[in-house]
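Going by the order they are written in, the chains are A, B and C; count residues from 1 in each one.
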Amino acid sequence: MALMSEDRLFPAEASARAVARDLYAHVRDLPIISPHGHTDPRWFAENANFPDPAQLLVVPDHYLFRMLFSQGIPLEKLGVPRVDGGAVETDGRAIWRLFAANYHLFRGTPSRLWLDHTFQHLFDLDLRLSAETADAAYDHIAERLRRDEYRPREMFERFRIEAIATTEGALDDLKWHRQIRDSGWTGRVVTTYRPDSVTDPDFEGFRANLRTLGEITGCDTATWQGYLDAHRKRRAFFREFGATATDHGHPTADTANLSTEAAARLYEIVSTRDATPDEARLFRAQMLTEMAKMSVEDGMVMQIHAGSRRNHSLDIFARFGRDKGFDIPGRTDYVAALKPLLDAVGLEPGLTIILFTLDETAYSRELAPLAGVYPCLRLGPAWWFFDSAEGIRRFRELTTETAGFYNTVGFNDDTRAFPSIPARHDVARRVDCAYLADLVIAGRLHEDEAVELAHDLAYRLAKQAYRL
Amino acid sequence: MALMSEDRLFPAEASARAVARDLYAHVRDLPIISPHGHTDPRWFAENANFPDPAQLLVVPDHYLFRMLFSQGIPLEKLGVPRVDGGAVETDGRAIWRLFAANYHLFRGTPSRLWLDHTFQHLFDLDLRLSAETADAAYDHIAERLRRDEYRPREMFERFRIEAIATTEGALDDLKWHRQIRDSGWTGRVVTTYRPDSVTDPDFEGFRANLRTLGEITGCDTATWQGYLDAHRKRRAFFREFGATATDHGHPTADTANLSTEAAARLYEIVSTRDATPDEARLFRAQMLTEMAKMSVEDGMVMQIHAGSRRNHSLDIFARFGRDKGFDIPGRTDYVAALKPLLDAVGLEPGLTIILFTLDETAYSRELAPLAGVYPCLRLGPAWWFFDSAEGIRRFRELTTETAGFYNTVGFNDDTRAFPSIPARHDVARRVDCAYLADLVIAGRLHEDEAVELAHDLAYRLAKQAYRL
Amino acid sequence: MALMSEDRLFPAEASARAVARDLYAHVRDLPIISPHGHTDPRWFAENANFPDPAQLLVVPDHYLFRMLFSQGIPLEKLGVPRVDGGAVETDGRAIWRLFAANYHLFRGTPSRLWLDHTFQHLFDLDLRLSAETADAAYDHIAERLRRDEYRPREMFERFRIEAIATTEGALDDLKWHRQIRDSGWTGRVVTTYRPDSVTDPDFEGFRANLRTLGEITGCDTATWQGYLDAHRKRRAFFREFGATATDHGHPTADTANLSTEAAARLYEIVSTRDATPDEARLFRAQMLTEMAKMSVEDGMVMQIHAGSRRNHSLDIFARFGRDKGFDIPGRTDYVAALKPLLDAVGLEPGLTIILFTLDETAYSRELAPLAGVYPCLRLGPAWWFFDSAEGIRRFRELTTETAGFYNTVGFNDDTRAFPSIPARHDVARRVDCAYLADLVIAGRLHEDEAVELAHDLAYRLAKQAYRL
């Protein structure tokens, strides 16, 4: 039996399944637009072979090691590096065996779908992973990873990626992007401006980061105007390397619209001493509005990823650092939070702000009503824990009736896991085709419209919204 | 191909579809009870022909112009009147063409279903609207609107409306209702008492409204008792014109039960100077309880529509005024908020309070548990953004298991768009029949019970709950 | 026609239904693990026949009398005892007739499914209950209840219960459990340590309860250390009667981790005078962390049932007391609330904390992300209002993709209604099989994995998580 069904994620009922198959046939082979993600530009700059299967697929993937940890497996045994440089497992095969022996934990999860897809379609490996098959799978994948055709650029082309965006901090020198540009390779890899380290007073090293920002740009970041100018310069620099978008990861969606004087006074506080929680919150809020105003000036699309309570476990943060699967969503309000920004620039022609949520309750109550009326607002796809078959389906069910399809922006894979990119886009395409097929069978849409929409959702909307 | 499928909104699976068809056949032609809405009684009083297709279908419908605005189309081009009386498009055909060229934006939305239903069933127009078909559709509909059989009373009868409730403010003279009554026409058009302009200190002109209320009723609205008596007189006056219900549109569901002295002191404050936000909130809260107490006295059904943050965009409010599609829901609490009112009158025999929500998360967590135990509480149907195929389905899925069907009150169309009334009731009937059919096929209900329930949900429960 | 379909709760579509049937055939006859509930140990100790049908099925079941009350039927007529000992209906047949005449109110509710299952499978009664069939049903059931085979122990065996947990307060003498143990009967009935009456300063008689706790244990409950030691002794005592778990019913999931000194000072306050709401909240919060620390010591599984606003109606509480169907859920936060406890003991090997919610919005946003990474956390099943076909389905849909199946703990019936136990487990098994079948048909799971999972969800996970 094949590892994966050809009809996976399609409706069970025969007539709807037939429509879904037909729609999917129209979009299966479309190029991939990946407008938001966290792949490493160094891969494409150097085009070196990936290391062993565990280092490629398990160690960097917090979806995988968090699930294993939740069942009592220490992170050290999974090769996750310690902050103090202490010993962790480094033998790829040992890590892989532990992972394989616990593969049943992923039943019903999106990780399972992505992994099986990667095994079957990328590595031509039709084995179900388990303790018994661990070594055979490891050897098979390891052999493939040594081949030229499994290098990053070759995979990029094999995946039919038309454009991919990476994400770099405001202080990044973009040297890998420069190296890609200078290499003559024609793959389109663009950067994204992510200024959290210089807009969030709670970010580690915030005040030192402001000084570095001044040095890089030649602007006087001791003053509010100099600081804003430094952002403008960095945004322009990022645009030189293809950036069409900025990205902002904030604990809430709070925005503010202070007078210039009040903003300058607040900047003086946060740039010279430890901010109180309220000052930090207000500064982040003000900076979202400042970034939106700059987007009106320079045409960059703005992305707001709100709602994650980062590094929930003190102990894991102390021993392993950031981004170790302990980022837990909380309730997020958008209606009051976005009002200051929207009153400032919400009706500006040409402005695009893409909203993401980790609080699904906001889809139908807040986000669809907002995006269904403000011309600058678009809904980002189901994100993070909701970037899954049922999460994507719920996103459509909870937003389409109020905001329609055309206030959404297609799919984002938002991933660090390069081999999973085609698998994730495939899931999104299948789930969207299944949803459209159900609408057709329910008499809510004509089939020719569904064909057009399937194409829009898989390709056109992302390309248009992100101006790629 | 017909514009609409005969089986629309029914389950895909054949056995469930067959049951749904059968149930629907029992209720398709039942009279319409429309116990809550915003049609204009003047239509039925004067029975004049409606103007052109755009003025009938597009300009007054905030569902339509908000979606077009969200994609960058200025409200002026859609004929939406400006507060300052400045120039806006007045050519119905130009508005219609713009609307038609953007008809794809409504794919997957309830507006699309209502419009296609109206085209096909009301206007015998089997064309899919688009830039190409805009003129043909316009001419066709315009011709129909000139016929006698498309006048308001004729449409009322054609729609098989048994009773319809309009909504009037507490200061309204009900002259159109009087004219209907005096005309000898037998169509049943009743009013509803909506006192927000004299119960909400934040309402424009609140204190002037109180004076007017005093003048109209001959009560001394400078005192708390006089003010309450004025409400009693107005409620009685509205009942003369068929009113069986009151309606209250509040930002929250907060209620209070102050002592008479405390309430009188609060009234003195809000009636003589600008209220603070807390005073305004407390006064609205107290007035919900006062209205509930009057309902115990006079038997009027009380409706609470809570949770909308009105006029979210300052700029749109300044240029175009209220109700321009910028009313955005927010989180709504019912459990703590309703407790004062429920402790005051929640167990009173004969009292009926119908609760509506724009926060779907309250359905299963708060509203169904409350309505499933308090004898005065009933659940209003899925409202506003949720008055849609998937919204109605979620309403049933999230409330039935806890509150049952008999603590719900059938369907409300809640519409200003007269031609959409049969289309909306048809959607509700189909979705309810589909839900019941799924219960039958899942062995959760016998088919004869489903037939009875289909009738209850389409007709009886609304008639009983609203005492129509 | 049979009262219940053999295929109830299975998918409508034929291929999925076939898979569901097959999965269900594997689990239908598995023993029942009932690790959390509220059956009365006295039943199993004395093994006396149950009284009449109304006293067995209607009077003690708040799901039933709350629904009847919501439609205006006084609790007195349903035989619910008054606090003042005043007259209520005592004639079982009169209560039964009133219930039967209103049986239509339960259409679409889980109560209906449980009752029909009980009628058909326990009492071999194939009648649909109604005013017409009330007497026949009453006589039939009454006759059965007089038979030996319908005594508690015989039903326990007939239901194939492998283990059942009751719940007793911290001050209980466990005499019925002792009597069961001493009787030589081999049915496994264990207790659960529920200390709310001595951990919640808002509990009636809290300070007197502390004194009793001291007397029972010989510990000096005037001091913080003596109080904690008293808990340790009671936990050990409960373990003598099979307890493997503790249970905590709190209005919120708040936890705290005060210093020993601060905790001792707080204890001095709450044990000597009326606590303020903030003090009471903080003490409850601290006690959750203390209980978790004791679980690390003694291996007892900890259950947190958070989010119910108890005794919502003052009047009903005054006239009928606690637990009369007026417990209404409210919003519940877990992310910030649990952090102190999790920072204290969240990574301890061997600790298990099972979280329950009445706020479904927390499933995908908070609970699945938390349980998907903290090794001590497991998700309790859909609880109370959500212990229903659609509630259980939503639980799976909203948690599986993030937390997987193996961070959940199977089913809890959580019931006082002994005859409903097999019916409730049957609903859970069917809904889980239907969900797994849908995953198989959607290509998300192989069928052999689904068979294993069906067994896990129906039996193994509960047994393992509760260490039974």
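We adopt the following convention: contacts are C-beta pairs under 8 Å (C-beta built on N, C-alpha and C of every residue); 3 or more make two chains touch, one makes a residue touch a chain.
Bear in mind that the values here come from a model prediction, so they are computed numbers and not experimental data.
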Checklist entry - chain B-chain C contact: same residues or different, taking over half shared as same? => result different
Checklist outcome for this item: Note to self: chain A rotates onto chain C (CA fit) by an angle, in degrees and to the nearest 5, of 120
Next on the checklist: Please tell me the distance, in whole Å, between the geometric centres of chain B and chain C computed from their C-alpha atoms.
Outcome noted: 40
Checklist outcome for this item: Among all residues of chain C, those touching at least two other chains are 13, 331, 361
Item to check | In the complex with chain A, residue positions of chain C that touch it | outcome: 11, 13, 15-16, 331, 333, 335-336, 339, 342-343, 346-347, 349, 361, 364-366, 368-375, 377, 397-398, 400-407, 438-439, 441-446, 449, 452-453
Checklist entry - Within the complex, which stretch of chain B touches chain A? => result 1, 4-5, 7-10, 12-13, 66-67, 69-72, 104-110, 112-113, 128, 309, 312-316, 325-331, 358-361, 385-386, 388-391
